[in-house]
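Following this line, the structures themselves.
Here chain A shows up in two complexes: once beside chain B, once beside chain C.
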Partner chain A sequence: MPDLISYLQFVLAPQMLNGLALGVSVILVALGLTIIFGLLDVINMSHGEFYAVGAFGALALSALGFNYWVLIALVPILMIPIGVLTERFLIRRVYDGGDRHVSTLLLTFGLGMIAEDLLKIVFGPNTHRPENPLPGATEVLGVFIPTYRLFLIAIGAVVIVAVALVVYRTRLGAMVRAAAFDRNMAASLGVRVGWVYSGAFAFGVALAGLAGVLLAPIYSVFPTMGHDFILMAFTVVIVGGMGSIWGAVIAGVLLTQIQAISSLVISPVWADPIVFGVMVLVLMFRPQGIFGRIGHA
Partner chain B sequence: MLKIDQLHAHYGLAHVLQGVSLTADAGEVIGLFGRNGVGKTTFFKTIAGWLRPTDGSVTLDGETLTGHSPDAMNRAGVAIVPEDRRIFPGLSVEENLVLGLMGRKGGSSKSHLDTVYDRFPRLAERRKQAGNTLSGGEQQMLAMARVMVAEPRVVLIDEPSEGLAPMIVAEVFAIIREMREAGTIVLLVEQNVHEAISLCDRFMVLERGQAILTGEGDDDDDRKRLLDVLAV
Partner chain C sequence: MKHNLLTTTTIAMLLASSAYAQEAIKIGVLTPLSGTYAGIGQQVRWGIDQSVEEINAAGGIAGRQIELVYEDSEANPAVAVTKAEKLFTVDNVDFLTGTVNSGATLAVGQVADRADKLIATTVSFSDAITGSGCSPNVFRVNARAGQQSEALAAWLKQEKPGAEVYYLGPDYEMGRSTVAAFKERAESVGATSTGEVFAPLDSKDYSQYFGQLRAARPDVLYTSVAGNDTVRLFTQMNDFGVSEGLTILGASGTVTAQNINAIGAAAEGFITGVGYSVLIDSPENKAFTEAFRERNGADPDLYGADSYGLLFAYKAAVEAAGATDTDSVRAALEGLSWETPQGTKTIRAGDHQAMQPMYVVEVKNGQFTIVRSIAGEDAIGPDTCDKF
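Showing the complex of A and B:
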């Protein structure tokens, strides 16, 4: 019995907390992805690069002397115009013509490649490791957990709740959900759908940027860093339901916990295949994901 | 005055509207009749800005609205209650109504919702319910209330009685009469011609995207011609 308690306390619990920190990180990236898909019906293949741009933006601004805590607010704000310009001048141009999914997918894929190469040109191909703003560990139930990971879980939860409140409890959120369901009807009630689309895209990009700032101290900063998270984020969005905020949250926690716990009993190299196996099963038996799409019942 | 002049619209190569003209004064109800697929709904979609006209013009009180986006049409005072109601299923009754308030001139407040709830007590009872949980009749009431709350100058109502019980249809028609009394121009597409004609000041019959008959709603000869043309 004492062995079991020790296992739960010193092996399982820390592993699950690490999994939760990873889960919150993935959810932060997936939230923007799912909002953009749910509203605009655009599979944003450049989302990982927006995440990287956020991380590099924080790196560059901290070199200019900005405090890390200021960057958490500043970087997402700076990402907003990037999102608006991308939606207005690129996405919108191909949005109504021909096959929307293919054309926007190819466009954002190309945009991601350009962004990645620009980051390589400007910052070089090497890995940067920003200073951890909260070094050390905090004792939780007799186990020492890195303080920054605890902060990440807390701020991630705050961001998730804030996003959910905006989307489900405000008039702005009602406009977004209405436009996601039926853009013509929403517009005929006076909703400026073009602004809503730009705003939602920019919001998604800002969330990716915020994720970049928050995760940089843990996962390092390098031009291809978007690749690491985007696969997992897409998996979360598919399992949770394309365009569902709560789906992204639940799938994000669920999949990263599966990954964390399975790593305890089998080789960690099998953790990813298990997670992607869950995605395949969901696609086979419930292709719409756990939850429905934003704006839909 | 609403003036629609020689309106043309296409779906790809299909020439769906072929020069339809119409005028309506404040407080008039104009019925648009015709079989399925003759262009009635397309006519509404073109006026509402959902479909760009390929020719012709739409003016309201002298202001040209041709080709405006749906939200610009809303701001100009043109509202639409579409055939399938298009209630947002993921939004509550109140959220649906709050979106309707966005088109209201001179600002909006929750007190405007109280007026709607007084008129539609059933919606007040269900204000927190999701749109898709309402019955067909309640959804129709919500669709009408959602545009009424903005006090538009023109309302396009497409097949409001479709699939509804006679008692609810009578209520829907009563609401249209209220709109007329408030000075709103109502363009009404309705398959239930016998009921609807009693409501209309004037009517127009469409066939293959063109007006083939116009008349007065209270003129017995015009009514007879209408019923002959529609063979009902």
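Showing the complex of A and C:
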């Protein structure tokens, strides 16, 4: 019995808390992805690179003397014009020409490769790491967990709730959902669909940038970091339901907990196949995901 | 008229043969220029470029200049095999080097066997490359895992007798073989093994292994992760307080000039056995490190130094053999001794593994410090190659 308690306290509980921190990280990356997909019907393959740009932006700005806490707000704001320009000058051009999924997928895939190489040219191939702004560990119910990860879980929850409120509870969110549901009808009712699209894309990009800033102290910063979360984020978006914010949250927590707990009993290498196996099952039995798309509830 | 024709033909032949003699020796460099090992590939490139500049400026190899052909292996054996085929058949290189991860070196070695060309690795640690998986066409000029393990085990025996050791390696050929090699050496000097875990290459988060690690209560952790994986492992261990009271030993590629700054304070106290350190106090090494810093704006690490040294061995072999064909160069490389920044290296004819002095180093105040050195003959271990 004492063995069981100490197993729960020293092995299982920390594992689940770590899984939760990882889950929040994945959800932060997946949020922008799911919004861009749900609204614009664009599979943004360069999302991981926007995440990397956010992290490198934070690195460069902190070298200029900006405080880390300022960067959490500043970097997403700086990402907005990047997102707007990308949508206006690149995505929009191929948006209506032929198969939208294929053309935008290829475009964003190429954009991602260019962004990754630009980062490599500007910052070099080596790894960087911003100083952890909250070093040390905190005891929660007898479990030691790094303070910064607790902060990440907290701020992640705040960001998720804020995003959900904006999309589901504001006039702006209603316009976005209307444009996603029926573009022509929304336009005829006076919604400026063009700007809604740019804005939603920029919002997704800003969220990727925010994820980059928040995760940099834990996962370090390097040009190919965009590949890190993108596979998991896509899985979360597919399992949760493309475009659904709550779906992404639930799938994110579920899949990372499966990963964390299963890697206790089996070789960690097999944790990934289990996660992708869950994705395959969802695609087989509920192809629209746990929840439906934005505006298509 | 007949005389004239003969003269013309002779001149033409002379011209052709001198043009042939002037033709550059092509060397393929297949190294990760992108991906998690891009930092290692950068050192390989700097080291090789620098040696080629020096050799070419001094008249080349037997009067022929060296021409390098780079390809990005992306640290992926499948990609490396395709690019190696291309280098051998399309670019027609005379010699190939640069492979970093051991899986890629072993795979490219098989390509070299089929193409009947020679390759040498300056980075891969896996014992298999010059052991169970050895090949007559594959050479290694850097220290293998076994040599590092010998050096580390000697330190462990003296400083931590009867230690309880836990092992954490990346889950592929190099990780498993380095852990197996060190485990065997550590147990032979009286250490107890308390457990081992293998994490996928490029793991984001190592915290999922800390539960098992804590439960095993080791006083020494041995790890062979490398590149960015080390940054994450060490900083996450530090964040979670796992590294308190724990002595961390590792493979020589675990902490290098490429990642030590990103690891920061979490690297403090890390101990490893290496075949190279910028601190080696010899005139050859001083000259090399100064030229390296001047040229590349960074310190050389073991990869840079071993890569730099390689082509001097190739030059010596080609000049001794008087030819660049595979059989002659192979024969000349076997048993060859040559000078490198880290001292005299000798290629053992039986398994194509270079022997060299080894050093035990520790990170103190963000810098590696040499704490012990071990003679090359004492750290080489037995020849286990039975393929040639």
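Heads up, the rule we're going with is that the second predicted complex is superposed on the first by the 297 of 297 C-alpha atoms of A that agree within 3 Å, B and C clash if a C-alpha of one lies under 4 Å from a C-alpha of the other, contacts with A are read in each partner's own complex, and residues count from 1 in each chain.
The definition used in the following text is that contacts are C-beta pairs under 8 Å (C-beta built on N, C-alpha and C of every residue); 3 or more make two chains touch, one makes a residue touch a chain.
These numbers were taken from a predicted model, which means no experiment stands behind them.
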Q) Taking the superposition as given, does A:Arg171 touch the first partner, chain B, the second, chain C, both, or neither? A) first
Q) So, A:Pro135: does it touch chain B (first), chain C (second), both, or neither? A) second
Q: Could you tell me if A:Val193 is touching chain B, chain C, both of them or neither one (first, second, both, neither)?
A: first
**Q.** In the superposition, chain B vs chain C on chain A residues touched
**A.** C
(Q) After the superposition on A, what does A:Phe229 contact: first (chain B), second (chain C), both or neither? (A) second
Q) In the superposed arrangement, does A:Asn67 touch chain B (first), chain C (second), both or neither? A) neither
Q. If you stack the two complexes on chain A, which partner ends up touching A:Tyr219: first (chain B), second (chain C), both, or neither?
A. second
Q: Determine, under the contact definition given at the top, whether A:Gln9 touches first (chain B), second (chain C), both, or neither.
A: neither
(Q) Once chain A of both complexes is superposed, is A:Phe181 in touch with chain B (first), chain C (second), both, or neither? (A) first
Q | Contact residues of chain A, present in both the chain B and the chain C interface | A | none
Q. Can you list the residues on chain A that touch chain B in the complex?
A. 171, 174-175, 177-178, 181-182, 184-194, 292, 294-297
Q: Provide the residue numbers of chain A that touch chain C in the complex, in ascending order.
A: 10-12, 14-15, 18-19, 21-22, 120, 124-129, 131-132, 135, 137, 144-146, 148-149, 218-220, 222-224, 228-229, 259-260, 263-264, 267-269, 272
Q. For chain C, which residues are in contact with chain A within the complex?
A. 33-36, 38-39, 41-42, 171, 197-200, 202-205, 207-212, 214-215, 227-228, 231-232, 235-236, 239-241, 258-259, 261-264
Q | Residues of chain B defined as touching chain A within the complex | A | 48-50, 69-71, 73-75, 79-80, 82, 86, 88-91, 95, 98-100, 102-103, 130-132, 146-147, 150
